[in-house]
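Labels run A, B, C, D, E and F following the written order; every chain starts at residue 1.
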Amino acid sequence: MSVALSVQCPECAGAVPVSDELMVAEIVICQHCSSELEVVATGPVVLALAPEVEEDWGE
Amino acid sequence: MKVSVLGAAGYTGGELLRLVHTHPELDLVQAVSRRYAGRPVAEVHPNLHHLGLTFQPPQELSPVDTAFLALPSGASAEVEAGVGEVAGTIVDLSPDFRAGASSASGETYRTGLPELYGDDLPGAARISVPGCMATAAVLALAPLRRAGLVAGDAVVDARTGSSGSGAEPGPASHHAERGQAFRVYRPTGHRHETEIAAHTGVRARMTVTAVPAVRGVQVICHVTPPEPVTRRDVLRVLQHAYRDRPFVRVVARSRGVHRLPDPQFLSGTNFTDVGCAVDEDGRRIVVVAALDNLVKGAAGGGVQSLNVARGLPEQTGLEFPGLHPA
Amino acid sequence: MKVSVLGAAGYTGGELLRLVHTHPELDLVQAVSRRYAGRPVAEVHPNLHHLGLTFQPPQELSPVDTAFLALPSGASAEVEAGVGEVAGTIVDLSPDFRAGASSASGETYRTGLPELYGDDLPGAARISVPGCMATAAVLALAPLRRAGLVAGDAVVDARTGSSGSGAEPGPASHHAERGQAFRVYRPTGHRHETEIAAHTGVRARMTVTAVPAVRGVQVICHVTPPEPVTRRDVLRVLQHAYRDRPFVRVVARSRGVHRLPDPQFLSGTNFTDVGCAVDEDGRRIVVVAALDNLVKGAAGGGVQSLNVARGLPEQTGLEFPGLHPA
Amino acid sequence: MKVSVLGAAGYTGGELLRLVHTHPELDLVQAVSRRYAGRPVAEVHPNLHHLGLTFQPPQELSPVDTAFLALPSGASAEVEAGVGEVAGTIVDLSPDFRAGASSASGETYRTGLPELYGDDLPGAARISVPGCMATAAVLALAPLRRAGLVAGDAVVDARTGSSGSGAEPGPASHHAERGQAFRVYRPTGHRHETEIAAHTGVRARMTVTAVPAVRGVQVICHVTPPEPVTRRDVLRVLQHAYRDRPFVRVVARSRGVHRLPDPQFLSGTNFTDVGCAVDEDGRRIVVVAALDNLVKGAAGGGVQSLNVARGLPEQTGLEFPGLHPA
Amino acid sequence: MKVSVLGAAGYTGGELLRLVHTHPELDLVQAVSRRYAGRPVAEVHPNLHHLGLTFQPPQELSPVDTAFLALPSGASAEVEAGVGEVAGTIVDLSPDFRAGASSASGETYRTGLPELYGDDLPGAARISVPGCMATAAVLALAPLRRAGLVAGDAVVDARTGSSGSGAEPGPASHHAERGQAFRVYRPTGHRHETEIAAHTGVRARMTVTAVPAVRGVQVICHVTPPEPVTRRDVLRVLQHAYRDRPFVRVVARSRGVHRLPDPQFLSGTNFTDVGCAVDEDGRRIVVVAALDNLVKGAAGGGVQSLNVARGLPEQTGLEFPGLHPA
Amino acid sequence: MSVALSVQCPECAGAVPVSDELMVAEIVICQHCSSELEVVATGPVVLALAPEVEEDWGE
């Protein structure tokens, strides 16, 4: 298994763990803010906010 | 470490008994109560039935390393000198020693809020825990203030459960009056405004509503930034401030039913959850913070501070994560 | 008809003020309170803000047609003679005159339960309203008993909201203790057992639980029939018994979310809803009844009885149908 | 006057059925539902059990004087033209025709808020009722604005019960998630901000929290006055504004447990209670308003507006004063 | 010990995640969910925010020592064979394998109720946890039955919170319907009757009411003894039965506000509290039992049983004592 | 009985009914805001806010 590193979430600056097995265009999800993040580069990993559909949350 | 709890029949006192029991380094010597001396603790705190504890009268305090004072305002001040003679360390939950007051023994009380005053606490022998709504508002506002995001006064809309006013019955806490109440009982002039100002430099204009809950405090802080900001700017400030703080969680999700801090998930825990949103024009920041008034806002804050004061891991005895569903 | 309410600052007293105001034939002369004499009624009963009423001291009772006594047990007995001097009719909500007791004036109290004693009431000058849980259980059990469907004792599981014990605060009604409570406070030996037996001939073995509600009583009566019966048999008995009674609704639906009587829909109303189910082997009948303890179980039952006593349409002033959602 | 209710199986629709039944001048012709056509109304609204009503399908609308639309946003707009063919007057509770929109028949919708637009309503054939939180905030802010007491934006902290989002189940309204929730579900950008601005000229920066209640809206409006003011100044403005308005009560007591508007006492009523407080330095006004979202915030507001439109006494059919205890 | 949780997005599944995290001998390998695969666990279970877990899809089960099945009835049966290929031990919370059913692998399921079947469990590789209301009633009735105190059938009045029916929304769990409900949703014929009979030999005539709580089950068992008994007789039987059982507490105090088992103090704990009362004539025994349906009635019962099966101290990972006030 | 008139509450401006039987120094209580008001003159009636003890209202 790969070493656990982390990069900052571009939305909330929370730590997002990334493995060196991540590939460009993969989506990871920020544990802190639930944002969907796209891997736009690897070595080192760079994440960008993926376009997201605004989900209705009731009420 | 031997500890005693004064005011053990009250609500924060009961939580201290629970936390002390869970804590691997703390041993309870006395659960002190005037009214219930000699009676089983479980008569008052049914959750502790299996512990087989009995309340002790305040007349016979045994020597301990640390005494927790879970007494009403005024009562702490009254007993402090006497307690200081049998206890090396005092952790006070009341307002009596909050603004850097002095102990009868001459020592200055340190503020029991490790997130802001963690460096002050190691070695402390006198600790005063801030008020519950103040703690929530301070943890919400302090990072923004430090980051220069607060211009002018803040509006702080605070909601509190009924345990916040303790175990003493009265007309305002009578179930038939209080059960469904949204009682704006302190629309202006709450005394926690002063505490918030002292710890953050922000003038908080508070409005406090008693809401249909037993535990829990939630504050909504409305802040005007000097210039328009984005949600991302504010989140970054919060994440940065609390990156290494085990008991402050930044909660601001963009999906799911539960996105911002909600006290319902914090009952029994020592967490403060903090999150935010920003108006479309960037001219108002809304910071939401929530905690359990009896734990992080009182008993847990006291144990956490004692952990730091004694060089123990900060989370010791405070690991309960809370429940979902609540 | 001129009326006064004694105990007007209490919970059933407040409901009397509301009902009297709504009632086209009743005019309030005095809302009597010792503690709040001279104070606005709205300070205690905020719902009546717009009426501009003021509490009057008990020392100066004006002559009226009817006086309602909404006083604690013992207090009614104490004041009854004096009240009888200024009021032609007395309607008492307390337990003091329930079992056919005599007034100080010599008259026998009639039971304020028109569903059972409607023929007794016309012309009555002394009326005593049965207890709230008793009313629910009696309306559930009486028809079955009359139809010969009750063999042996009944088990009556009763649940009650916090208003059932009145407006006086105490440790058991403190919101933080009571808010989420399922407190079996009277597992056996409740005094309403006697009332139920007196009105139905059934020995009810009651267990009473204080539940998280302000208003409302619900009883689940478990009855053993002499021989196996069907749900249809029992429904028929209930429908027949209450066909012409405006305030008892037979509720036993086979579809929808809400099938059996639920007190949540009865707040503020004078209804008792009654429904039933039967075990597959026909050997246990379950009768469920629900009502609002402050209305049908007290103030409303009193007004309804007065209507019958004075020859007014039974429903006068009692038309509020309740709310959904609650 | 013959009326029909479309969306009668929903929450505001159910309240319309209740109010129409109570109203001496209105006669219900049809309670319309797609899903429950042919089923008893009591299956959905158990409080109306004794009325013996049955839902009708939308395909067969009978001619009526007035049709109430209690339909979701979009659905009202869709059916309006068709309904206009069978009904002389339409009262719409949805957002579809709120900003002075035009009916399919060409007529302009008048705003169903008699407190502000009472002069517009007589003779109206198309009425659109404002949103529930908007109504509360507008009634709180409009008098202050007119009196020149509002400088800059207002912060509006709104709390809402679960009935505010209607009868349709979903993950956010699931009881185990919602029962104890303080869910800040719209921290910024609520659509009622626009309505408030349109009716008062005040930019309201709203934060909305879903709170543990079924009915009820409460708003806390934090207003900065151009110059320091006193509580007395603000109270005077409110009293003056609402002196002759039967459904707005100024509630700001200096004694008792319940001093400021609390939605718990407004369930089922058409009142909006409004009260205030002012910071010691006079630089913040706190106005609190509360109402029942299903009544004054929807069905009751519609009936009240229809009363005014038809020249009936404004309070007809809307006399229920609410309950204490709640 | 490596474990996985299937159905981890559900309510009992979430509790398993919490308990496994707390448990020093268990390590979570996978939190499995179909719907939320790839999403943060905290989106569904906000209390676990700080754990940083992510749901995994069911397609890729890793080998583990133990798999917990927290799946609806039917779903467990469906996946059991497949799970048996990657997990040495299966703990199932569903009804699918309750009556001593056989695993796809041929092994018989043991009953996950150590208080009755503790001797059966050591070494077990297939464990089925009984239903939550059944567990409460069985722990209440079994000792009485064994002591010869039960003549004939028992009446079991059961109350349940909304989490008992899981995380799936629906009309009956919609907050506005359920929030204040006392909904007698199963007056007769509940399927737990069979389980109770199987474990105790007592025919339980149950009536189940959905009550205003999220967590918690309370049963009131009305038992007719063959001959008159005293409260002391019954208490003795209960004390004797549970003297060495860490998770059953006999609660029957003669003083204080809280005397008999109340589920409000059991949220999050693995306790069952059991207490009793006896009618004055000795002819009815009332046994009250309470537990948290998601813990002792499901997830906690599973972990406790696994502890016994693996020879670990029974209480490991289950130490949380519950809260007062609740 | 005397005719029901009303004067403004000096605190909240709500209407306070006053009878012509009121005497100077009597206390009346405003129904709207619960203020205690002292009759400082009659014919016409003038009310002033009576000094009040700030009552604690719990919580």
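Definition applied: a residue touches a chain if its C-beta (ideal position, glycine included) is under 8 Å from a C-beta of that chain, and two chains touch if they have at least 3 such contacts.
As the structure is a computational prediction, the values presented were derived from the model and not from experiment.
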*Could you give the fewest steps needed to travel from subunit B to subunit D through chains in contact?*
1
_Common touching chains of subunit F and subunit B_ = C, D
*Could you compare the number of C-beta pairs in contact for C-F with that for A-B and name the larger?*
A-B
*subunit E against subunit D, contact positions shared by both copies (same if over half, else different)*: same
*Looking at CA centres, what chain is most distant from subunit E?*
F
_Taking the mean of the CA coordinates per chain, how far is subunit D from subunit F in Å?_
34
_Separation of mean Cα positions, subunit E and subunit A [Å, integer]_ = 38
_In subunit A, residues with contacts to at least two other chains_ = 34, 57-58
*Got the subunit D residues that touch at least 2 other chains?*
11, 162-163, 167, 170-173, 176, 179-180, 183, 185, 212-214, 251, 253, 255-259, 262, 325-326
*For the complex, which residues does subunit C have touching subunit B?*
11, 161-163, 167-171, 173-176, 178-180, 212-214
_Taking the touch rule as given, give the residues of subunit D at its contact with subunit C in the complex, in rising order._
11, 14-15, 18, 21-22, 39, 42-51, 163, 167, 214-215, 246, 249, 251, 253, 255-256, 258, 262, 265, 267-269, 271, 273, 294, 319-326
*Using the touch rule from the top, collect the residues of subunit F that touch subunit C in their complex.*
17, 29-31, 34
*Which part of subunit C faces subunit E closely enough to touch in the complex?*
153, 155, 157, 159, 171-172, 176-177, 179-185, 187-189, 205, 207, 209, 211-213, 216, 218, 220, 222, 257-264, 276-280, 284, 286, 288, 290, 325-326
*Which positions of subunit E touch subunit A when the two form their complex?*
38-40, 42-43, 49, 52, 54
